[in-house]
Amino acid sequence: MTGIPAPVGPPGLSRRRLLGTALTSGAALLGAAALSGCGSAQASDASTVRLWDLFSGADGGLLNDMVRAARPDMPGTRIERTVLEWGTPYYTKLAMASAGGRGPEVAVAHMSRLASYAPTGLLDPWDLDVLAEYGVGRDDFADAVWARTQYRGHTYAVPLDTHPFIVFFHPEPAAKAGLLTPDGVLDTEAFSSPDRFLAAGRELAKASGRQGIAFGYVTDTAQGWRLFYGLYRQTGGAFDLPAGGPAEVDVDRMAEVIAFMAKLVDGRVNPKRLDYPAAIAAFANRQTAMILSGEWELGTFRTADKNVSAAPFPTVFGTPAVYADSHSFVLPRHPDPDPEHRRRTHRAVAALLKAGQIWATAGHIPAYGPVTRTCAYARLQPQAHYAKAQDHVVLDPSVWFAGAGSDFQNAMSQVLQQALLDGLAPDRAARAMVQRLNTFLSKPSPA
Amino acid sequence: MSSPQAAPRTGAPSGRRPVPPGLLFALPFLVLFAVFMLWPLGQGLWMSLTDTSLSAHSPGFVGVDNFTEALGDAAMWSSLGHTVWFTLISTVPLVLVALVLALLVHTGLPGQWVWRLAFFAPYLLPVGVVSLLWIWLYQPDLGLYNHLLHILGLEQVAWLSDESVAMWAIALTTLWWTVGFNFLLLLAALQSIPDHLYEAAAIDGAGAWRRLWSITLPQLARIGAVITVLQILASLKVFDQVYLMTKGGPNGSTRPVVEYIYDVGFTGYRLGYASAISYIFFALVLIASAVQYAALRRREK
Amino acid sequence: MTSTDLPLRTAPSRQSEVVVRELRPRQPGRRSRTNLTLGDSALARVLALAALVVMTVIWLLPMAWALLTAFKSETDASDPAHWFWPRHGFTFHGFSSVWQRGDLPLWMLNSLLVSAAVTVITVLVSAMAGYAFSRTRFTGRRALFALTVAAVLVPPQLMIVPWFRQMLTLHLVDTYAAVILPQTVAPVMVFILKKHFDSLPHELQEAARIDGAGHWRIFWSVLLPLSRPMLAAVSIFVFIGAWNNFLWPFVSTSDPALMTLPVGITSVKDAYGIQYAQTMASAVLAAVPLVVVFMFFQRHIVKSVATTGLGGQ
């Protein structure tokens, strides 16, 4: 039984009536407006290109600058940015918005995630003819990067940058350790085998008076995988992931790479148990002479040491390969895109690519060739040192479950952490990774 | 919205039986009910038997494959475990603390308005605000709680990034946020205990403690049981604050089953499989309700 | 968990005869509530008061901390050495920059619009259905009511996947209609209002019928005016629930222009990174509307929770 007081109360208290009337009348109006004009709020006017991205912090500010710099190249177009939370939530929202067909006109996505988008029909392909009209063509991009934009003969991504996993170093201890060529570039010969790499670490530790090489991976969801996969591809070992499994990989070479990584962080000349921020701090505070990290940390390091230098990740296992990913522009699916608006979107993206010099200051390698070929770019130090990394980039395996911010990277990194931190034997770690890989492969692809 | 006055004129041509007015009154609700409850329930059941995905491809019938996969899915079981664990560690304090607060306020001490405001106001905050606020309170270096611990000379706590602490931290947030609701219900129940019971007891010489144990608490037993049941059912559905504060982390150690459904369905695109897990969880909720209902009935007999 | 849907979706156990009366003012001339509960001991009063004060401080502390942070500058907010009192004094900068960014007012408007629409539709539709189940006779009435009561058991959390699929079919993803409509199906409100109409005297209806009033007149001009307190209670409850609802608005909208307050402030990030003072300023601004409403209408809201909170049991 409800405990409602006898409903025959005194005729409405004034406040109650006020509340009731206000709520009812106001809400009725609003409600009617809401239901009749469904979706009216997002029917942005034709001159606006809505862009979703995941850049906050320094990158976010630079993208704002780029939008400003790109304005002369896209007269009459306004770019409206929405910054969403990085990682899985971003990709989930992007997929849901694309499925709904009312997503933004253009969005930034990691190229490594394309395999989970393009085959699902959640993206629309770019029109290369329209891009060409605005001065952007296939030849403007490195082959290794461009190859990943394709799916079934269509182009689903326009690369904005490449962001490789590289090495940063402080020039003085590196020179003192005899690891620089006369013109100040890192002598990659000194890092060209696992033993030489470790020996170089010892020299760096000696020269810096503290420790050699920092690598932060503890509890990180990607770092272990980034280093591992780049090194593994240097061994030339196969890494084929057929749908349904099992994975065709070279377990021995995997174990070899893991063993090398474990020696690298054994705590003798290099710090042992660093998490990501601790590694950044260790290198920035000159506790170590070198760090293995993504180029996106350039801004942080330059604040601490304006002479900080960098090089592409050295070829340790014979075949040149540099782990990287690429931010790229994609077109979320629209069932009936307005051709004019699409054209405007193509033009806006072309304009942003041409403003890539600004993006390069963050450390990213602009994917658009005409930018990296300029003298202005060549003068950017140390960016110009590692621009060559573009030629040998390897991205995550092209399967639907891999890519930036994926469960897959996290799972692989967890196994690697057990090997590096908790002493799991390399061969057992390699087998554990294969096992996890096969679990992922056994799941049905959403495409 | 259809106007029930106008409807009969159009709805009943001569010769046919007119639509009964009662049905017309119920019609707006029944339409909404059919479209947004029955249809999705049916579609969900159908999807659970297919490999429907978020992508454009057409779904195929897979029989009970989704259900067999779910029953062998360790991630689903561990997320169910987290849900049950959260229900346990949130329900107990949410009922007990609410009871203590209600008893204290029920004493009629001055400041009623302030007490009610303090304990109930958090309940009015949107969960987005609650999680932003508590993420900030729990912030390891700058947050209030670690500073207070420091002042007390205690160890700092990695509230949301330590696997053994995170779920407790979320339960604590939930306690702060929603205890006011149970508090108000209990307070209302307390205030409906007739004064003459106390007066009679006082005349019999029962002291304050005695009156609490022999009058107040027994009078509250029934509503306390109902509130506990409601709380259990509410806690089983936890998602919002967990998703917003830890995304189910660290290392998946706080991910409840509703978040698993979200992850599988929308992050992993597998709407069919997510539907199957939804139905499995629905079945468990129904069983839990039935057990609690039976227990309540038995108590009352 | 949307905490507020807790009572909306639970099994009604009609057996329990809990009587929740309106919170009453103390009656003068009798032994006071305090005497009845605590006895005459002064010590007991002091202890109880102390306990209340301690609990209140604990409960208010998080909000006070949020306010303190919101009025700091960003530098002070992220300075562990001066974590409590800001070195550079207080500032409105956090509030003004959050407000100027413009999405917060928009999300508030969206929340108001969505909650108001949900409230009006839910209450009207449920009241009509409650009337039909309580005061009219038609074939299938009992079966339909039984179905409605059974649907109380369906948790909305489990509907997100089918609802989203349905919105894809209807081409409604990222529209207000998608956010609003599924929230308007509230079997428990139908149940509460049906029981309420059951409790009104039948004589009124008979008298009106003799005067020649049809069902609509009886419903609209006789029963609804009598039910104002109940309708207010239900409306407040539904409104709070919709205002704070997170999961479905979160799933059904990806476009920031359509987001409600709880979804927007947690999904959309600032291009300039984490700024604690601004985050807390936006939290404070987002908290203000309902807390202020509560201060003014405390009695109504308390009553609404007490009468509606148990799902009409």
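Chains here go by letter, A, B and C, matching the order in which they are written, and residues are numbered from 1 within each.
Definition applied: a contact is a pair of C-beta atoms (placed from the backbone, for glycine too) under 8 Å apart; a residue touches a chain by one contact, two chains touch by 3 or more.
Source: prediction; values computed, not measured.
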Farthest-lying chain, centroid of Cα atoms versus that of chain C: A
Identity of the most central chain, Cα criterion: B
Chain A and chain C, separation of their C-alpha mean positions in angstrom: 40
Averaged-CA centre spacing for the pair chain B and chain A, given as whole angstrom: 37
Euclidean distance of C-alpha centroids - chain B vs chain C, Å: 14
Of all residues in chain C, the ones touching two or more other chains: 18-21, 121, 164, 181, 251, 306, 313
Residues within chain B bordering two or more other chains: 188, 192, 266
Residue list for chain A, restricted to those that touch at least two other chains: 3, 89, 96, 99
Chain C to chain B touching residues, read off their complex: 1-7, 9-11, 13, 15-16, 18-21, 23-24, 26, 30-34, 36-39, 41, 44-45, 48-49, 51-52, 55-56, 59-63, 65-66, 69, 77-78, 80, 83-84, 111, 121, 124-126, 128-129, 131-133, 135-141, 144, 148, 151, 153-155, 157-166, 181-182, 184-185, 187, 190, 214-216, 219, 240, 243-244, 246-247, 251, 261-266, 276, 279-280, 282-283, 286-287, 290-291, 294-295, 298, 302, 305-306, 309-311, 313
Chain C partner contacts - residues on chain A that touch it in the complex: 1-5, 7-9, 12, 15-16, 19-20, 23-24, 26-28, 30-31, 33-35, 37-39, 41-42, 44, 55-58, 60-61, 63-64, 81-85, 89, 93-94, 96-97, 99-104
Residues of chain A that touch chain B when the two form their complex: 3, 88-89, 91-92, 95-96, 99, 116, 119-122, 219, 333, 414, 444, 446-447
For the chain B and chain C complex, residues of the former touching the latter: 1, 4-5, 20-26, 28-30, 32-33, 35-37, 39-41, 43-44, 47, 52, 100-101, 103-109, 111, 113-129, 131-134, 136-137, 139, 141-142, 144, 147, 174, 176-178, 181, 184-185, 187-189, 191-192, 195, 198-199, 202, 207-208, 211-212, 216, 222-223, 225-227, 229-231, 233-241, 244, 258, 261-262, 265-266, 271, 274-275, 278-279, 281-282, 285-286, 289, 292-293, 296-297, 300
Of chain C, residues touching chain A in the complex: 17-22, 110, 112-117, 119-121, 164, 167-168, 171-178, 180-181, 192, 195-196, 199-200, 226-233, 235-236, 239, 251, 254-258, 267-274, 296-297, 300, 306-307, 312-313
